[in-house]
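Next come the structures, one after another.
You will see chain A twice below: alongside chain B first, and alongside chain C after that.
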Partner chain A sequence: MIRYFEKEPYAPVESSYEVEKVLFKIKTKFQEIEVIENSYFGKMLFLDGILQITERDEFFYHEMLTHVVMHAHPNPKRIVVIGGGDGGVVREVLKHHGVEKIYFVEIDEEVINVSKEFFPNVSCAVDDPRVEIKAMDGADFIKRCHTKVDVIIVDSTDIIGFARSLFSEDFFASIKKALSDEGFFVTHSESLHFHKDMVIEVQKTLRKVFPLVDLYATPIATYPGHWWTFAVGSKQLNPRELRRPFDIKTHYYDDEIHTQSFLTPKFYKKLLNKELPW
Partner chain B sequence: MDLWFTEKHSPNMGITLRIKRCILQQKTPYQQMDILESYEYGKILLLDGLIMFTERDEFVYHEMIVHVPLLIHPNPKNVLVIGGGDGGTVREILKHPEVERIDLVEIDEDVMNACMEYFPEVSQGLKDPKVRILIEDGIEFMAKGDNRYDIVIIDSTDPIGPAKGLFEPKFYQNVDHTLGQEGIMVTQSESPFQDPKLWSWIYKNISSVFEKAFSYLAFIPTYPAGFWSFTLASKVRHPTKDIRTEHALKLSSTTRYYNPKVHKSAFSLPNFLKSELTKPS
Partner chain C sequence: MVRKFKLESIHTRMISKATLFKVFHCLDKKKFETPSLIIDSEKVKEKFSLTGQNIKRSYVFYAVKANPDMEILKFLNQLDKGFEIASEGELKILSKIGIQPNRIISSNPVKSLKFLEMAHEYGINHFSFDSIDEVEKIGKFVPEANVYIRLSVPNEGSEWPLSKKFGVELEDAVDLLCRAQNRGLNPMGITFHVGSQCTNLYNWNIALDKAKILWDMAEKKGVKLEMLNIGGGYPINYTKSVIEISTIEKNINKLIWERFPENIKIHIEPGRAVIGDAGVLVTKVIGKAKRQDNNWLYIDMGVFNGLMESLGGIKYTYLVESNNPNKKNWTLAGPSCDSFDVIDKNVSLYEPDIGNLLLILSGGAYTISYASEFNGFSIPKTILI
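On to the complex of A and B.
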């Protein structure tokens, strides 16, 4: 029996997964990419020893990262996806027929190639003609972005290492500049259980830039702490409201889950005031 | 990558090794075969999830299963190996120039081919012209009884599943018929510390067929309890009194575990094992 022990950044627990087969391993300029096969989760993608997606449950994360802001926006046409080299977010974005253009900015092109080979059901939309792949740093792309976009989605690795720049005030300011007036920004922001201080920090940094900032959460089986959060920044529209009917095919997300995922105002206030005891 | 391989030796204990990579994972017609590369023990061959040998400690097993019987026999010319497709046993036999022919009966050709590819140091002897490789079931081969041998070495997997028949009296009777006047049979006989009952079951099966059986011990860190046994049946030669000492000393320049003193002392059984053999089964 072979087990893969995951490095859990900042979490007091350790996960390990039984390995049926090690399918792939490569060291790129940026990170180590590994794919293993597990009997329950199917294929699993690791970057630098940290689990990114599994075949079995990736849709929870990808749907929830994508569809909340896509439904809060009245008519999203131009989208930027930063990170998410597996292609899961791109697949979800393209379920919205009004989308005209996706800038898919992934610093490590190898992740896209690996996903195409091992996760065809996740990467299935990356070759769509509306998708323009930019193999570059997401922060650089946003700084140099001269046209306005409607939605910017950050699907990065954890807030350590080279993804750290995607959580800075500087970066959020250039995001705001790149967004149209009705634009939305969303990023994952770690777990409410184990990374609460990071969740608060991202909220506070966003608040320095965006007039409307909010937080929603969803259960994800394979991320440490499970109670995974997503931070939203908006120039004027409230992300809790759907501005278009829910009429796409999903496994988890729907219009009711959309509204229920947001933290209640009382709880949110306690969180930001650091009144939560854990 | 933080990959750890665990082999359970019982429901409550096991051995765990951190591994660098999986080199091969293959289902053969007979078993699951994996080759891993570990940090501490080099490359490892697994059959059905159990460690068969590691690069670092295989020499103990292979030297002890071969040199003990071959140095007791006065003139071993024809040797039969049942199992042992990895080639380690053959490699050690070939250190004895008086051996003229080695028959190797291995059921799983895929194991042999994988070892030739990934363990050249272990399998090197398989290509020697003295070696005749027969891909067939060892139990059936023995039942035919076509050949005569001076030494029969049973280098098999554990007595569960397909290898069970290699530990039963009926098989030992066939071995007995195939052995010459001064013939010697040796088999690996599991860990007497981990499973004393299994060990004494093997011992008793052998002594029910052969007049004399002798168990001897060796230290093999990656096997259960690190404490391993072999059991030898000899028609006339005594395992410690009839050592060809001169040959044994000469051979010792090529071995890392075996020498004549180790040979002798390996037959000294601790008290708890002696008493295990006198228990009624």
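On to the complex of A and C.
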């Protein structure tokens, strides 16, 4: 049996997956895209050798990245999704009925095409008329965005790789400018086990820009360190609070998960003070 | 512009993800001049705070020679520890920042007359020595100074040995301590240096055993000591993971408390361990050539403007910007016309294009402090982030 070895240099463990079949492989202008079939996880999408989603458990990441800020917002209408070419976040956003418009900004259109072909249950909403696909750099889009939006979601690849422009102070500042007063920003910020220094770094950079910054975490089986975090920036509303009833269909996220996924205050303080001993 | 670096697991063992993330952000900016040295201030703070933490009654003095950049010294000054200097030039920098004299010591066993004069005027009162002439000099310029004797100890296993040039053996040491007392100085301690970048834990055992013998010998002769200066020598990661500072210090602490009186004061002088692995040197590829079977890669920093230690055996880890999928073995050379200016051989790297960046990890210590403008090539600028 062939095994696929994930190339994540900053994980102290190496993940490998049995390959039933290599379904697709292409090198685009930006990255290498691969799709393999695994007997447990089903189809798996890799970008530059790093696992992005699996058919079996993609909803953990997509639901948790999307619904926390969507429910914290009283009435989100205009949304920007940066990255997330597989379409999973777009699918989750459209579960909220009030949404009028999604700008779906993916630098590599090829990821969207691959997802349409191999992950139809993930990409199912990208052709919805409310979705406007922009094949461009997310940082450029936000800089030139002149109308206010309610929620901005970044679903990027590894922070240290070519997605790093989506984690700079400049980028966060233009995000803040693009958001309406009740707006929220959310992005992934890696593992509390393996990348604690990065989690702190993203929190600190966000704090330079946003008055309210917070952090929540979710177990994700296929990301290194598993204990995956999401960083939130807000202009005035506390993201820990739900401002609309939970009435959408999900697999993992719900109103209770929402509240309990945030780091407890003592633990959060220890993290930022670098007092966690691992 | 987002630059594409060929990151491999060797790099991730040498430099933390957050440091690299910040360095990359700095490099993504449009106008970035090379050669430069980027220092991660947070890492410096972390390392400086870590030294001495596991040794009781210890006082830490940053060895200024490792990197005397003004901004770095100003930053270190906020951390409320001391400084170790060797010359009038280093004193001038510290005086500009306004560092109090009681936070400064000098462990250079042979000091210039000008420095002694200035040091006395400034109020510095702790000096090392290892010769009778130095006793006379210090006696003349800084009467009643606190002095400590430099003892010779084995330097095996350190990558940058220092014992050959300085230090005396036990009998001479006792004799010099007595001579200092007779000259009106206050002989109050012992110092030694196990060698810079010392990865041999055992060196500290031998050194402390030897220091204990000297301590007792001196006491018998009527010289009561109170301080032990254990120098520097803590290693950092260059191409492999080295023993942790906390492990080294726990060992030293145990040895000290088994041997010496409870009220002893311990001085530590880290340089490399504070600033070395917080620094990334940023160089640019300026040429490539194939000569016989060798692939030569030329960068805008060489042994004369920053990489002097490569001549003495320090090996670095390189991280290259490249769009090429193939690796080659390179001879890495500096920009000057001198044939000594070869940094490393048999370096396996992805092939860069001319103008691509080549980063040298753990380049914060003993790089810019050695650099000259030989041949008109500039000294790297230091950027504190």
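Everything that follows uses one rule, which is that the second predicted complex is superposed on the first by the 277 of 278 C-alpha atoms of A that agree within 3 Å, B and C clash if a C-alpha of one lies under 4 Å from a C-alpha of the other, contacts with A are read in each partner's own complex, and residues count from 1 in each chain.
To be clear about the criterion, a contact is a pair of C-beta atoms (placed from the backbone, for glycine too) under 8 Å apart; a residue touches a chain by one contact, two chains touch by 3 or more.
Values in this document were obtained by computation on a predicted structure and should not be read as measured data.
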item: Superposed partners chain B and chain C on chain A - clash or fit; value: fit
item: First, second, both or neither for A:E201, with chain B first and chain C second; value: second
item: Chain B versus chain C as contact partner of A:F141, first or second or both or neither; value: neither
item: Which superposed partner A:P9 touches (first chain B, second chain C, both, neither); value: second
item: Partner chain(s) touched by A:F246 [first = chain B, second = chain C, both, neither]; value: neither
item: Touching partner for A:F267 - first (chain B), second (chain C), both, neither; value: neither
item: First (chain B), second (chain C), both or neither touched by A:M1; value: first
item: Which superposed partner A:G49 touches (first chain B, second chain C, both, neither); value: first
item: After fitting on chain A: smallest Cα gap, chain B-chain C, Å; value: 12
item: On chain A, the residue positions that both chain B and chain C contact, one per complex; value: none
item: Chain A residues touching chain C - in the complex, by the definition given at the top; value: 9-10, 159-160, 162, 164-165, 167-168, 195, 197-198, 200-201
item: In the complex, chain B residues that touch chain A; value: 1-8, 19, 21-22, 25, 36, 49
item: Sites on chain A touched by chain B in the complex; value: 1-7, 16, 19, 21-22, 25, 32, 34, 46, 49
item: Contact set on chain C toward chain A in their complex; value: 2, 4, 7-9, 11-12, 16-22, 24-25, 28
